[in-house]
Amino acid sequence: MIVQPVLVVAAALFSLGIYGILVRRNAVMVLLSIELILNSVNINFIMFDTMLADVLMQGQIFTIFIITIAAAEVGIGLAIVLMLFRNRQTANINEFDLMKW
Amino acid sequence: MILPRKSKYYVAAFALLGTLFSLAPLVIQWANYTSPIYAFENSFVVDKFSIILKGLFILITYLTFLLSINFIESDKYYQGEYYYLLLSSLLGALIVSSSRDLLTIFIGIELASTPMFLLSGWKKGDRKSNEGAIKFFLLGVLSASLILYGFSLLYGLSGKLVFSEISSHLLSASLANSPVVLLSAILVISGIGFKISVVPFHSWAPDTYEGAPLPVTAYLSVSSKATGFVALIILLTKVFAGSGSSWGIILVIISGLTMTLGNLVALQQNNPVRLLAYSSISQAGFILAPIAISGITGDYQDGIFASVTYLIIYAFMNLGAFLSVHLFSNYAGSTNFYEWGGVARKSPLAGVLTTVFFFSLAGIPPLGGWFAKFVVFRSLLGSANSIGIALGVVGAINAVIALVYYARISKVIWMDEPKSINEEKIFQFENPLKVVGVFTVLITFVSGIFPGIFSYLGEVSSIFFGN
Amino acid sequence: MTGIIISLLIVPLFSALLVFMIPNSRKEIFRPIGIVFSLITLTQCFYLLFSDYGKTKFVILSNYKWIQSYGLEISLGISGMSTLLLLLTSLLVCVSLLSIGNEHAESKGFIGSLLALHFAINGVFISGDLISLFIFFEALLIPMYFLMGIWGGENRRYATIKFILYTVFGSVFIFIGTVYAAVISYGANGALAVDFDSLASLALTSSQSKTLFLLFTFGFLIKVPIFPLHTWLPDAHVEAPTAGSILLAGVLLKVGAYGILRVSIPFFTEGFLAYKNFVAVLSVIGIIYGAIVAIAQIDIKKLIAYSSVSHMGYVMLGISAGGYLSIEGAIIQMINHGITAGALFMLVGFLYERRHTRNISSFGGIKITMPRYAAIFLFTSFASIGLPGLNGFVGEFMILMGSFNSYKFLTSIAAFGVVLAAIYMLWAYQRIFTGPISNEKNESLKDLDIRETLSIVPLVLLMLFIGIYPSYIESFVIQEAGFISETIALFKDIK
């Protein structure tokens, strides 16, 4: 079974997600980057599950939980972004600088 | 949520009663306790350690409800959802304190923090609140994904989710110090680091605290932080126990940085909420210190005892401190505490409460804070380890710095000249708030004067570590 | 006996709570309540003085389990030195309650804080272990904070914060020392026993002893205060209300010296021997520096504050010389300075209530309008200078005699402090009281009334009594001074 390439893809997705969080300035894009990380985790879990031939399929179950929670979080996140957008007509996180130190 | 607007009053009462009644099963569990009870394939446990923590979480939530009643009624907020979300967060905290596998602890952490994203943005029209919420949300989700990635590595190594099986597998395959486990530990520490707002993962805390409604801020700085610490303690000692010497060093550095940076920035604050935010960052450094050292020495029992003792005392005195800030900022209508001159003379009760909480945070006996500091320093110096002693010295210096800003607030409220605009206002000190004040002050005094009650916790943490 | 000791804590605490309970409408009874309860404490102290424990070295009389799993106990005890200091505290609380003007006497918070302060100070002098010593040591800051911060003078905020910060900075070291000692004791006994008996039996290595000595002594020296850590004292004295100044000078400064005699020297003797010369040099600098700066002061309270730096320098010189006579002298000087400095601050307070200024230049010739006041002031000044026949002489003479063998040069310099003291006290007296009345506001000054006279007379009588009959007060501290100096001598022999 091909294990390593899949793990590399997951790791790459993870790094891409981190990069996106650091570089992207639009709140929605940052949200998407976080989704990338979560998906890399999902790939990891499923790969390990298959690799270890886990009878309990714990990895896959975990993945389902992650998907559910991620959906909930994106819902909340979009709500917050929407609220922000209504109040200040922008979703650029560089402009959120009312408070410093 | 389903009640009509007029009868929203019942929601608060129902939430209060519900939280109070949920203490009952805890008492029964405590009274009938013989040995730890496991459920769901060893993934959920009821032992004395978790019972104590659950009691703490429930009490904090109860006090937060009391803090909220007037606040929520005064503005046009959604009452039903407010209580519902706080209760969900409480449920998450309760799950965390009992969890013994990766999935349960993850769900617990998420359940505890997700509602807080919404609550921190509860003041919908307020830009600061929006901003705090988005920062909190983005970093919160990021931290969750970091924790998850760490978990996935652990699962890949061992093929197990239950802590006891993972750690025994890591031990038997002598993987405890392998790079992958270390990477996973670092990811978990940085993920939870966001929740407990330690340097360098603290940047969201002051903004979110400032933006959120004050009771929510109090809850965030006490209960959410405590949840994070409990999760960290459980993970580090149950899963990563074998690789303590590696994460010990990391945590020592984080702890020292957290104390120092939090304190130094707190010195320059004029907004009381931000001041408390930075002060609670620095307090987190103190809570972290014993666990960090226990990683190096391997004496987890002592580390857990010291950290949890500090956590419990901190929880109540910090809640009290937020109560005082809430009272005075409502009265003076200003978020700059230098304008609170002489407000304590308007309500000596509130003034004395404030002084007690802030002096206790500074660690002046006979208030509770001193015992917390005592336990932590004893653990650091008792480690007979040069790193521990060095951290102790850093802590001692910080204890002095902290006094400057803690004393400053009580100086302003007692000694500065009253502002003329404040003269005619009426000082509002509602009854639910009085209950919170008196209750937290009692705990602060009792834990300072009769710290013997915490010796029970020492025994409990030995049981916790024994299984 | 245990009951008496515990009631030394309970009575002031109860009276403080009682004062807080009484509604503000009955404000005329705050002062009587305070006086009655401090008289009760005073009686108890007299009882202790004439009991078996009035002349002994420190004896632990009662233990209470406090934190079982740590083996931590609260120990309370008593000794000759403690009894004398307790007596001084109760007396000063009592007379300062009597002396304060109505503005303070009718304030619930003021009287309550004063009584709470009394409680905490009593606690320091009877605690028999490091933990309770530390707790009471810190606890006395809280009432002091309110006394100075709320009822203080113009610049009270700065002074209060400075006072608190200096003291807490020191007590962090005491705290670390306490924890360190507890950890060492845990290694030896299996329990965190830090009561004075277990500390005495602890075998410390040389470096441990030195570290602990430095930690504790640094904290205590700030409180004494020794040069160059004294800068909080003038500010605190000037800004504190009269009653606060009386207790600050009379008792709080002694807490530092008491801690050194009680903890630093007997338990960490090796550290003491290593660093005592350093302490001695600093104290002599303090004696001369305090006296010279006092000469230059124009504020009477500041003058007395600097004179306190100088007088406490003698105490520290006597302690660091470490001989039997010098330590005995240091203890007696502590008591004497408590009486005279307390009396001087009270007298300045009387003047301040009348004229609302403490500037020396705004007085002059008031001997004509206030003859009784002038006489008492002159008498107290003589006692402070150390005129033979009055109390100040006894302590300073013993200290100088006792230290001469160890530090010939330093002691000779320190002796000049007496001359300087005569200069600043008498010059100040001359400027305030003699000559013609220079300021017309002073023409209508009233002399002391009965209440004020009553509150100062006990102190004046004590100055005379100790001056004439020093061997009486000496008899209470002989054993304790002997014990401390023997500990030092024994250790020297072992070396």
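When the chains are written out, they are named A, B and C in that same order, and each has its own residue count from 1.
The rule is short, and it goes like this: a contact is a pair of C-beta atoms (placed from the backbone, for glycine too) under 8 Å apart; a residue touches a chain by one contact, two chains touch by 3 or more.
Since this is a predicted model, take the numbers as computed values, not measurements.
S.K.: Can you tell me, using the touch rule above, whether these chains form a line, ring, star, complete graph or other shape?
M.R.: Line.
S.K.: From chain A, which chain is the farthest off, judged by mean CA positions?
M.R.: C
S.K.: Which chain would you call central, comparing Cα centres to the global Cα centre?
M.R.: Answer for the innermost chain: B.
S.K.: How many Å are there between the centre of chain A and the centre of chain B, using C-alpha atoms for each centre?
M.R.: About 26 Å, centre to centre.
S.K.: Could you please state the distance in Å, as a whole number, between where the Cα atoms of chain A are centred and where those of chain C are centred?
M.R.: 66
S.K.: Just curious, how far off is chain C from chain B if you go by their C-alpha centres, in Å?
M.R.: Result: the chain centres lie 42 Å from each other.
S.K.: Tell me, which parts of chain B touch chain A in their complex?
M.R.: For chain B paired with chain A, touching residues are 102-103, 106-107, 110, 114, 117-118, 121, 124-125, 127-128, 130-135, 137-138, 141-142, 144-146, 148-149, 151-153, 155-156, 159-161, 206-207, 210-211, 265, 268-269, 274.
S.K.: Of all residues in chain B, which touch chain C in the complex?
M.R.: Within the complex, chain B contacts chain C at residues 348, 355, 359, 362, 364-366, 370, 373-374, 377-378, 381-382, 384, 392, 396, 399-400, 403-404, 407-408, 410-411, 414-416, 450-452, 454-455, 458-459.
S.K.: Over in the complex, which chain C residues touch chain B? Could you list them?
M.R.: These residues of chain C touch chain B: 65-70, 109, 134-135, 138-139, 141-142, 145-146, 149-150, 156-157, 160-161, 164-165, 168-169, 172-173, 175-176, 179-180, 182-183, 186, 192.
S.K.: Mind listing the chain A positions that touch chain B in their complex?
M.R.: Residue positions touching the partner: 14, 17, 21, 27, 30-31, 34, 37-38, 40-41, 44-45, 47-48, 51-52, 54, 58-59, 61-62, 65-66, 69, 72-73, 76-77, 79-81, 83-84, 87-88, 93, 96, 98-99, 101.
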